[in-house]
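In the two complexes that follow, chain A is the common piece, with chain B as its partner first and chain C second.
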Partner chain A sequence: MMALRLGAILFGAALFLALPTVSDQGIVFLAGLVVIEAIFALSWNLLFGFTGLASFGHAAFFAIGAYLTGYGLKAGLGVPFLGLIAASGLLGALVAALTGLVLLRRTTGIHLAIFTLALAEVLRIVIGYSTLLGREDGLASIPKPTLELGFATIPLTSGTAYYYFMCVAGLVIGAVLWVVCHGPYGRLLVSIRQDPQRVAFLGVNVGRKRLQAFILSGAVAAIAGALYAPWAQIVTPESAHWIHSTQPMLASLLGGAHSFWGPVVGTVLFSIINYLTRNLVGLSELVIGATLLIIVLAAPSGVIGLVRTAQQRWSRRRKSGAGPDGDEGGSVRS
Partner chain B sequence: MALTDILFALINGAATGSAVFLVAAGLTLIFGILKILNFAHGAFFMIGAYVAYSIIGSNPSSLHVFIAAAFAAAAAVAALGFVADRLVLRRLRHVDEAYMLIATFAVLLVCTGVVKLIWGVNYASINPPPLLDGAVTAGSLFVPSYSLFVIAAGLFVFLGLELVIHRTWIGKLLQAVASDSWMSGVLGINVPAALTVTVIASFALAGLAGGLLLANQTLSPILGESYLLLAFMAVIIGGLGNVRGAFIASLLLGTIESGSSLVIPNMPGMATYIFVILFLLAKPQGLIGGRHI
Partner chain C sequence: MTAILSVEGVDKSYGTHHILKSVSLTVEDGETFAVIGPNGAGKTTLFKVMTGEIGFERGRIVYDGRDVSRAPAHERARLGMGRTFQVARIFPDVTVADNLTVAVEARRRSRGESAPAWYRVATRADIRAEVEARLLDVGLADKAAVEAKFLSHGDKKRLEFGIALAGRPRILMLDEPTAGMSPTDRIATADLIARLRAETGLTVVMTEHDMDVIFGLADRILVMNYGEIIAVGSIEEVRANPLVREVYLGQEIYHAER
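Moving on, here comes the complex of A and B:
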């Protein structure tokens, strides 16, 4: 099973890397968006699938990163691209820390959802009002950057070069989050999701751990936004709209919120559905909505959960009943 | 001059608030009894508007036809509510809050998709019926008569709900189910039937709101989202599931919205969101907390 999983990941990575050589620009652009949205979804699921907090305004962090990087590149401030990405992450973390300090102490569940949603909308209105950030029209014609590594300078001005850069960035961020989620820290977050009270009794400062997860999640979402700005070359207030906040949720649930790679699988599936149904207006919403409904009602553990159950059944049948019994009970595995 | 401005803003606020309440009424009802925060409510509101539009077209011939179309929309959406209850809501009774939100959001997507497939993505605008297309003037004050109609409709729905919930047998029954559904079951109340009735009533209210608020706005597939957020805020501030609270909160939000458009016209919605954030930080349980509907 381990080999199968590794094979799937390698196959997926190879597919993404080979894409510019076999398909046209349009598909490559969509694939780049998938990489960005997948990072965004991973950051959201760190909160929901691992820590048990549902943020409904996550697009705010995305917009913070996108606008900071977009503005930095467009204004030609002379800050290196990696510096802009790091600054976006830091700003996202800072905003998450400030809001988290106030919100997480007082609210969970539906209230947290409404709070984060309202804050994100406030940010969107402020951005739409700011002349510096281009009001409702946003920042357009953002140039693609040049990567300065000290020992080498790599121009990312061509679409393909930037695409590869995003693939590498996505892999690095995915790997970092994987390590975080699968170490003792990730286990602790999962136990907080499952039973905060009991974890508190064990001597863990639940509030602080939640805040840390919130900050980390905000930072990663802002980095996803930072990667987005030069790729799309335009950033509008729509990126902070609450409809954009629902994107990572839908992807995570479709793929499986309780597995690490679920959000990535979900993002890929969503893009495929969107692409296949692009010709008939309304069909994509209908298909995505119906798929999501079936997932939530019939298979709350998402596509990955379905695959896992099928695998278990199959291996149990092969071992004629001697296989492991279903220990799905909410634990998170890769 | 300034006084008329303020008066106008107040009346405008009451009209916006009543419109929000018309949407929030069904939302708060379904939350009070089923404990489901129904994202799809906005979509069914929109479907109600489209159904009414299909009946009367862009120029309704009279006030009676306009109102009759709203009630027809209510009936159609109520029927959809019955289907949605059977297919979806019934299965959501025992799942986690976040999953409920996402499932109802999925219903919202399905409905938006269906609306786009049936009615297309073009905008449509509907004029008010003959009696309501003018304005009432008092001195220098100028009030569109359609605004007055919306205020009256909001009051009518509020008083109707108050009467049903607090003065009738079925209202008492629903209150019992809302406060303790398990105990109600033990006492011989048919709880599943009560829940189904609630869903149907809530959806009928959504359809009615769609029909009544049809005029003076552009009908498009994003109509559902525009009122949904304000209605959500009203329900939350009102103290989840409380009809009186939702009514007061709706009027409050409407007044803030129209008042702020007088003071800071460039940032629509800003004052409302900030008010919601501050209010909930100060009073998380809402205006009227507790287990009342």
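Moving on, here comes the complex of A and C:
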């Protein structure tokens, strides 16, 4: 199980890193979007799959990061790129803290979902009226940045260089989130998802933990947006649209929301389906809809859950000759 | 004896339903205090009020010399109140051991004891040792790796008991600890409570329908009916009370053997 997982991660990473040498720019561009959307989906699932909170307006955080970084690069403010990414994360965290303080006080579940959806739509409309942010047209021709590390200056002005930067950023963010989710903090969040009241009687301030998770999730979503701005080189109010908010949800459901890597697997699968059906107008929606239906009906724990079940069945069959089965079933988080 | 918990003139209504009518009681440090009464007497509401699960209109709750009337559940837990629920509440999607690990870590963090940092992915050895000890306490050591949802009803109750114990409470509130258990499990649970009480000097407050369990464990009994206290005292005093006789007429309280 462990070896399989590690192998899959290494294989995936190698594939992404080798892509610019073997395929054309169009595919590399899509792969870059996959990295960004995967980070975005991980941030959403930290709330949904781990803490048990559903945000239906998560694209708002993404847009906050994308606009801040996009504006900073376009206006040539002279702020280093890493500074802009950090500022995006901080702004995302700040907005999450302010909205979370109000929303999480009373609402969880469906009310939280609708409130976040409404707030995100408000943000999108406000951006559409803001001349500074280019109104409905958004910010176009955003330049790719130069990375200044103090001891070295790395130009990310070429597509390939920026792509590699995103891969590294994705790995770092993924690793940090993995540790957060698998350590004592993640264990607590998973417990809150399962029974918040029981957790309160363990002496934990559940409201505060939920707010922390909301802030962390908002910050990571904003960082995903910050990475997006120079990659797409254009940011429009569409990035805050509710349709964009559904992306991480669909990816998490497809991949498996109760597994850490589920959202990443889901994002990759969605992009592959989209790419394969790109010439058939309307078919991609049909295929995605059908896939989701099958997944929800046949495998509620997503593709990862399906793989895990198959794996367990296989190992049980292999062990059955040797003696009683010692495998008690996998843990929820992987 | 000193009072560890006192309820002073508490009123609680749900809408127009007056559930608790000026209820007052005192639990002494180290005793086992049982609350009994017919269904709908307000036992569970009293429990919820004492643990901080719900608020109340009038009166005061004092724990260990401190007014905790307005303190939320997690603060009372930090002060040393532990509880179990009528229907066992555990974390079904994770293993039995993880259920206890999260409880141990939560207690250590909230009481300022040594707790692992967020980046410690592997469970620390001292925490694993403590979890093992709790598993042995409640007799679930052989099921440590089982996902909690696959446990039997009685084992879930025991696991919840372990979760409450992992909080190292000074006072443990048990809402029908043996409800829905087989007779063997009931005896085992009663023995477990008696043993832990003897080992740690734990104060226990419990509601229970099984009179054998009550008579076997309780130092004092409080009888409720329609939101009012009709009797408090030792088993003999309560049995001799004419009002209790009326409420429990012909019921098991007079048939149960000591």
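Simple rule for what comes next: the second predicted complex is superposed on the first by the 323 of 334 C-alpha atoms of A that agree within 3 Å, B and C clash if a C-alpha of one lies under 4 Å from a C-alpha of the other, contacts with A are read in each partner's own complex, and residues count from 1 in each chain.
Criterion: contacts are C-beta pairs under 8 Å (C-beta built on N, C-alpha and C of every residue); 3 or more make two chains touch, one makes a residue touch a chain.
Computed from a prediction, not measured in an experiment: that's the story for all the values here.
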### Task
Report for A:21: first if it touches chain B alone, second if chain C alone, otherwise both or neither.
neither
### Message
With both complexes overlaid on chain A, does A:131 touch chain B (first), chain C (second), both or neither?
### Response
neither
### Task
Between chain B and chain C, pick out the one touching the greater number of residues of chain A.
B
### chain B versus chain C as contact partner of A:194, first or second or both or neither
second
### Message
Looking at A:279, would you say it contacts chain B, chain C, both, or neither? Reply first, second, both or neither.
### Response
neither
### Query
After superposition on the shared chain, which partner residues are touched by A:292: those of chain B (first), chain C (second), both, or neither?
first
### Task
Would you check which partner chain A:243 touches, where first means chain B only, second means chain C only, and both and neither mean what they say?
first
### Query
Both chain B and chain C contact which residues of chain A?
none
### Task
Spell out the part of chain B that touches chain A in their complex, as residue ranges.
37, 88, 91-92, 95, 97-99, 101-103, 105-117, 120-121, 221, 225, 229, 232-233, 236, 240, 266-270, 273-274, 276-277, 280-281, 284
### Message
Which stretch or stretches of chain A touch chain B in the complex?
### Response
48, 54, 102, 106-107, 109-111, 113-115, 117-119, 121-122, 125-126, 129, 242-243, 246, 249-250, 253, 280-290, 292-293, 296-297, 300
### Message
Touching residues of chain C toward chain A in the complex: what are they?
### Response
51, 53, 72-75, 77-78, 82-83, 85, 89-95, 98, 101-103, 105-107, 109-111, 115-121, 145-147, 150, 163-164, 167
#### Entry: chain A - residues contacting chain C, complex
179-180, 182-185, 187-188, 190-191, 194-195, 197-206, 258, 328-329, 331-332
